[in-house]
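Chain naming follows the written order as A, B, C and D, and within any one chain the residues start at number 1.
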Amino acid sequence: MTVMEQRGAYRPAPPPAWQLRTDPEPLLPDAAPYRVLGTEAAAEADAQLLLRLHAELVRGRRYNTQATALTKQGRLAVYPSSTGQEACEIGAALALEERDWLFPSYRDTLAAVARGLDPVRALSLLRGDWHTGYDPREHRIAPLCTPLATQLPHAVGLAHAARLQGDDVVALAMVGDGGTSEGDFHEALNFAAVWRAPVVFLVQNNGFAISVPLAKQTAAPSLAHKAVGYGMPGRLVDGNDAVAVHQVLSEAVRHARDGGGPTLVEAVTYRMEAHTNADDATRYREDDEVAAWRDHDPLLLVERELTARGLLDEDRAAAVRENAEAMAADLRERMNQDPELDPMDLFTHVYAEQTSQLREQAAQLRAELEAENESDGAAR
Amino acid sequence: MTVMEQRGAYRPAPPPAWQLRTDPEPLLPDAAPYRVLGTEAAAEADAQLLLRLHAELVRGRRYNTQATALTKQGRLAVYPSSTGQEACEIGAALALEERDWLFPSYRDTLAAVARGLDPVRALSLLRGDWHTGYDPREHRIAPLCTPLATQLPHAVGLAHAARLQGDDVVALAMVGDGGTSEGDFHEALNFAAVWRAPVVFLVQNNGFAISVPLAKQTAAPSLAHKAVGYGMPGRLVDGNDAVAVHQVLSEAVRHARDGGGPTLVEAVTYRMEAHTNADDATRYREDDEVAAWRDHDPLLLVERELTARGLLDEDRAAAVRENAEAMAADLRERMNQDPELDPMDLFTHVYAEQTSQLREQAAQLRAELEAENESDGAAR
Amino acid sequence: MTTVAVKPATMGQALGRALRDALADDPTVHVMGEDVGTLGGVFRVTDGLAEEFGDDRCTDTPLAEAGILGTAVGMAMYGLRPVVEMQFDAFAYPAFEQLISHVARMRNRTKGAMPMPITIRVPYGGGIGGVEHHSDSSEAYYMATPGLHVVTPATVADAYGLLRASIASDDPVVFLEPKRLYWSKAEWNPDTPETVEPLGKAVVRRTGRSASLITYGPSVPVCLEAAEAARAEGWDLEVVDLRSLVPFDDETVAASVRRTGRAVVVHEATSFGGPGGEIAARITERCFHHLEAPVLRVAGFDIPYPPPMLERHHLPGVDRILDAVARLQWEAEN
Amino acid sequence: MTTVAVKPATMGQALGRALRDALADDPTVHVMGEDVGTLGGVFRVTDGLAEEFGDDRCTDTPLAEAGILGTAVGMAMYGLRPVVEMQFDAFAYPAFEQLISHVARMRNRTKGAMPMPITIRVPYGGGIGGVEHHSDSSEAYYMATPGLHVVTPATVADAYGLLRASIASDDPVVFLEPKRLYWSKAEWNPDTPETVEPLGKAVVRRTGRSASLITYGPSVPVCLEAAEAARAEGWDLEVVDLRSLVPFDDETVAASVRRTGRAVVVHEATSFGGPGGEIAARITERCFHHLEAPVLRVAGFDIPYPPPMLERHHLPGVDRILDAVARLQWEAEN
C-alpha cells in the first residue's frame, strides 16, 4: 500500500513537537560594544578597582615593551605583543578566582603574568628554552597555545571535567578574531553549550589576523553574534575599556559558575604593534588607523577617569611607574642570563617511561655530548 | 613617557570606526518552520508543480523501499534510506537549473536520482563496485560524500570558482543535523559568506545522527540560527512540506544566483527508517515518536492537497504508481546483475600516470590473476 | 557488579568487558564518542556501559572528532582518563591536529607536568565489505608521531588485556581494533581475564625455523593460516604478533629473525610509507649478518582502499604471503 | 610582464617567480592561503602576486586550513588549478581529513573523471630557531597517503623547476619547502629558468665510490658538507637528492647503492616511522646482494621537535652523518 492509499483527516499539523529549543532574543549581543569609561556609568566604578586596573595596565604595557626589546637583543625568539590589548589581558586575569583556569593563546603571556605567573617562566616558549616553562596545574594556566583555537576544546573539556567532579571551577579561554574561523572554535563552542560547561570564551577582536583584516575573516554582524548559533549568550564589549571588560567577564564567569553555561564575549580592540617583532605591519595597514586607536588607548581611558576623579596624584603615578620599572628591570636581568639546559631532557618527557628506541637514541646523544666535552677539555 | 603623561581631551569615543558589519535582523530565521501545505497559502500552489512533486515523491518513496529491499538480498552493501525525507531530496533536485551543482551526502542518492542520474550508477558506492559510478562533471552532481560535512567546502569552492569564471552557477550542498557539529560545516559557511559565494546549504534536520538526538547535538534555538554568525540569512522550513521546501530553496538559489551570497536552510524533517539497514532504531527511539511523524508524511501532505483540490483522480494516481513501479522493476533487474569489474582498475586511477611502484604492483596482481585463471581453466 | 559470562567470547565482547572493568575500577575513566551511549556503539562494543555507569561516564558526544579528542585533552588536564572512540578509522582524520599537536606532545611540552592518559579506540582495517572510508589502515600516521603508543590486539584475550593496559597507561594510546576480528571467537573467561603488562611486548604466536612472519592485528590469523599452508611446501614458519607498534619490541623481533634468517612483514596498510618499511629497516639494521635474503613485505597496494567488490584483491592473503616466502632466496641455503 | 632580474637569487625568490610565471601562463592557476595576498606571505614568497594578478588570483583566505584546502578541492572540481599555502608545517594538520579523504582520492573515486590538480605548498623543517609547531617535518604522513605526490627542492633552480612542474601536474602535489633554505642563494637566471620534467626523478648531486648518502630537502646541503668532510677520512661519498619522495626514483637510488655498496639515509624527520624506513627497506629489497652493510639512517630523534635552544642536538649534522658512515662495516671490505 502506498501512502496515498492511507486515508485520514487532513491535519494541518506542524512537524510534530517542533519548537525553538531556546529563546534566541537574550542570546543576541547589543548593537554596540558595552562601555563604562567615558560614559556616565564610569562614576559608579569602584575606585579601588580602577586603581588596581591602572597599576596592572601600566605594568602590562611595560611588560610588552620590555619583551619586545628583548627580541631585539636576541633574548627572545619572538614576541607577539599585546600592546593596545592590555585591558583584555588584565580583565581576563582579574575576572578569575584562584581555582579557575586560564587558557591563553600565544599572544596572552600578559594575562598569565597578570595572574601571578613568573614573567620569565611565562616566556619560556618565546625564549626557546622549553615549550612551557611552568606547571600548568600549579598555576591553573594552560600552556600558551600556538595552533589557533585548539586550546578552546581543552578549556571545555577541563571545565566539564571539573563540573563532573563537583568542583565549581570556571575556564576562561582566549582566542583571536582570526582564530574564530577555525573548525575547533566551532566544535568547542558547540560542546560547551551542549554540555553547559562552565567556560567563558573571550575573543580579542584586534582587527587583524597577521595581515588579514576582519572583513576578509567574517561577514557576521559581529563575532559575538556567533553565540546564538550555539545557544549561548553573546556579549560585545569595548576591549580597550578595562572596567567594561572586567565587568562583562566577571559576569560571564559568575554565570558559568552558577551553572548557567558558557558565554561568548567579543572584545573589540586593536593590535597597536606589528603581529610580532618579525612582522612588518606597514605592509598591510595605514598609520592613520593606528593613530585613531591611539586616542582610545586602554591606559589613557583609565588614567583619564582616575584623573577626572582626582584619584591619581603624581605620587601614586610615580609609584605605579616604579613598580612597573622594577618588574622590567628584573625581567631584563633574568632574561639576560643564559638558561641552563640539559639536552638529555629531549628524551625524558616524551613518555612516562622511555621506550627502548629512545634509550638507544639518548645513549647516542650522551656519547656525542661526552665526546664534545672531551674535545672541549682537550682544547682547553 | 608613559601614556599617562600624554595630555589631551577626555574623548569618550567608542572604538574607532566600529559598527555592526551587517544588520542581523533580516538574517534571523522565523520562530517556526515555513509551511505551505495545510495552510491557506496552499491554495496558491501551482497545480502543475504539485503534480510534479507528487509524482517525484511517489517515485522517491518507491526508490527508497526498493533500495532497502536490495540490501536484504545482498545486492547493496548498505543503504541509508531517505524515507520520510523525500520532500527535501526532491525539493533540492527541483530547485536547481541544469547548470547548477548538487553536493549530496551519503543519504542523498535520491536527490541525485531525482536530478536525472541513472539509479544504478547512483548506487555504485552503496553497491560496492566503485566509489562513484558516474562522472560528476557530466551530471553536475558531486560524489555522494561520506565523511560528514566535508563536501560543504567543496560546494563553496566550486561556486566561487564558477563566479570567478563568470558563470552564474549555483551549488546546493546537503548535510545532516549531525554534520553541522563538524568543523568543516563552520569553515565552509564562513568562506561562503566572506566570498559571497553562490551556495545554498540545506541541513536536513531529521532529529538524529544515527542514535544521537538533536538535543545532544546542539543547544541552539534552531540550526538555522547559526546563519547569523556567518552573516548569511538563515531559513527554517518544514522539511516534509514539499511545496515549502521547493519555494524556500528556489528563493535561496535565486538569491545566490543574483549575487546575494549564501543561505543556510534548515529543513525540519524525520528519518522514518533506521539510520541504515544495518542499524536498529528501536535501541534509541520510541515507536510513538515515529508514529507521530507518520501523520506528517511528506507524501500524505501533497496527496491531501491534491485530493482536496480534486487534482488527483484514480487514473492519475495509478499512472504515478505504475511509473514508480516500473522504475523499481528496472532497478531490481539491473541490480540483480553482477557488475563487470576489472581488478586492474585498482591501479588505473590513482594518478594520471602510474608510478613505477604502481606498475610493479599492477604486474604482480596481473600475474596472480593469470595464475588464478589458469588454475580455474585447469580445474574446468 | 554484573558478570557477563560469555564463553566463547568475541573480541568485541572482550573489549566491552575491558571498558566495563576499567570504568568499575577507576572513577576517573570516562568513555566518550559518537553513539557510544544509548546505542552502545555501531559495533556494540560499549553496549550497556551508559546504562550501568550513567551518561556522564559513557557519553554520546556531538558529532565532531576534533571536538571529542580536544575536550578529552581538557578532561585529561583535569586528571580524568578519557577513553575516546573514533567511529571508523577514516573518521579519526579530523582529529589529527589535536592528536599530533596536543595529545602526543602535552607531556613533553610541560616537562611531564601534564601527562595525557587518553586511550583512543579506532576500529581499523578492511575485509568487512565496508564502503569507502570504512576500511582504512592508518597506523603509519600514528607510528610517525612521537609521544603516542600504538597498540593493536589480534586475539580475544589480548583485546581485553591490551585495552586494560592501554587505559591504565599514563600516556596516550592509539588502540587499533581490527574490525574484521570483532566477531572472532575464542574460549575466554571474563571472570579471570588477564591483562598484558607492560605494553610493548610482542609475542611469538607460532614457532618455526624457516622464516619469520612479522605481523599484527587483522593479519595475525592470516599469517597463522599461511604458516599452516606452508607446511605443505616444507617451510616451518614462525609468526610474531607485534601487539604494540609503539613501543616496538626490537628484542623479540630480532631474536626471531636471527633464529630463522629470513623475514616477511605482513600488514593491510599500504606498502609505501607504511609500517612495513620501518619494521624491515629495523630488522635489517639489527640482523643484517643473519639474513639470507632481504626482508620482504606483503602489504596493501599503494592505492586508496578499494570498494567492497574488489577488496579481496587488495588484502594480503595466504597466497601472497606464500609467494613472498618463496622469494626469500632459498637457493642461498640449499 | 615585469622581469625581476635577481642574480644571485634566493630559493624564496625562485619560488615566488615560479608562482608568478604559473599565474601568468595559465589563467586557471589560483594562489590562496593565509596572508598570501597583501602581505606576500610570512616568508614573502607570494610577494607582489596579489598586486600583479589581483585578489581573485592570489587570495587572502579566512584562517582555516581545512576550509582552504576544502574550497580548493571545489575549485579544482570546476577546472581551476589551486596553489594552496599552508603557513607552517604543523598548521597543515587541520587540513588532513580533506587531504587524505578527498584530495588524494578524488581522481580514483571518480575513475579519473575528477582529477585534483592542487599544489599544496608547505614550508617545513627546522633549523630556523622557530618556536613549537614551526619546525615539523611531516613528510611521513604525506608519503603514507596514496594519491599524493610529495616533492621537495634543495636548490634554487629546483625550487623553480619543481614548483612549476608541480603546478602543471594533473595530480595533487604536496610541495615541501625547506624553510631554512628559503634564504639560500645561487646564481640563477630568472629569465631562462628550467623546469623539471617529469616529477619523480632523483639527481646525483655528488658522485662518489665509498657510500651513498640518500637525502632530500634541507639535508642535501648538510650531506654535501659531510661528503666534503669525509674526504679527510678517506671516504668518497655519493650524494643523491631525491627531490621527489612520491613517486620514488628507485632506479637512480638503487643504481647508486649498487655502485657504492653502502648507504646512509639522511633526513630531519623523526626516525621511527619516518621516510628513512621506507627508503632503507626499498634499497635493501633491491640491492641486498650488493650491500656490504645494512642501510643506516641518520634522522631526527623520535621526539617532538625541540625548542630553539636545543634544536642543534636534534638535527642530523655532519658529525652524525660521518659517525654513521663509520659504522658501515668497512672491515667487511678491508
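Here is the rule we go by: a residue touches a chain if its C-beta (ideal position, glycine included) is under 8 Å from a C-beta of that chain, and two chains touch if they have at least 3 such contacts.
All values reported here derive from a predicted model rather than from experimental measurement.
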Item checked: Distance-maximising chain from chain C - centres being C-alpha averages -> A
Check: If you tally the C-beta contacts for B-D and for A-D, which one comes out higher?
Finding: B-D
Notebook entry, point to check: In whole angstrom, how far does the Cα centroid of chain A sit from the Cα centroid of chain B?
Noted result: 39
Checklist line | Centre distance in Å when chain A and chain D are each reduced to the mean of their C-alpha atoms | finding: 35
Margin query: Can you compute the centre-to-centre distance for chain C and chain D, using the mean CA position of each chain? Integer Å is fine.
Written below: 31
Next item on the list: Please set out, as single numbers or ranges, the residues of chain D touching at least two other chains.
Entry: 61-62, 64, 66-67, 90, 93-94, 97, 101, 105, 108-109, 132-133, 146-147, 246, 248, 272, 302-304
Next item on the list: For chain B, jot down the residues that touch at least 2 other chains.
Entry: 130-131, 147, 181-184, 186-187, 190, 194, 216-218, 345, 350, 355, 357
Checklist line | Footprint of chain C on chain B - complex, ascending | finding: 77-78, 125-131, 146-148, 178-179, 181-184, 209-212, 216-218, 279, 283-284, 339, 341, 343, 345-347, 350, 355, 357-358, 361, 365, 368
Note to self: Residue numbers of chain D touching chain B in their complex, please.
What the structure shows: 30, 56, 61-62, 64, 66-67, 69-80, 82, 94, 97-98, 101-102, 105-115, 146-147, 149, 169-171, 198, 200, 246-248, 250-251
Checklist line | Complex interface listing, chain B residues touching chain D | finding: 130-132, 135-138, 142-143, 147, 150, 152-162, 164-165, 171, 183-184, 186-188, 190-191, 194, 345, 348-353, 355-357
Notebook entry, point to check: What residues on chain C touch chain B, complex-wise?
Noted result: 34-35, 37-40, 42, 60-67, 90-91, 93-94, 129-134, 271-272, 301-304, 306-310, 313-314, 319-320
Next item on the list: Could you pull out which chain B residues touch chain A in their complex?
Entry: 2-4, 6, 8, 10-24, 27-28, 31-33, 35, 37-39, 58, 61-62, 181-187, 190, 193-194, 196, 214-222, 225-232, 238-240, 261, 268-270, 289, 292-293, 295-297, 299-300, 303-304, 308, 312, 317, 321
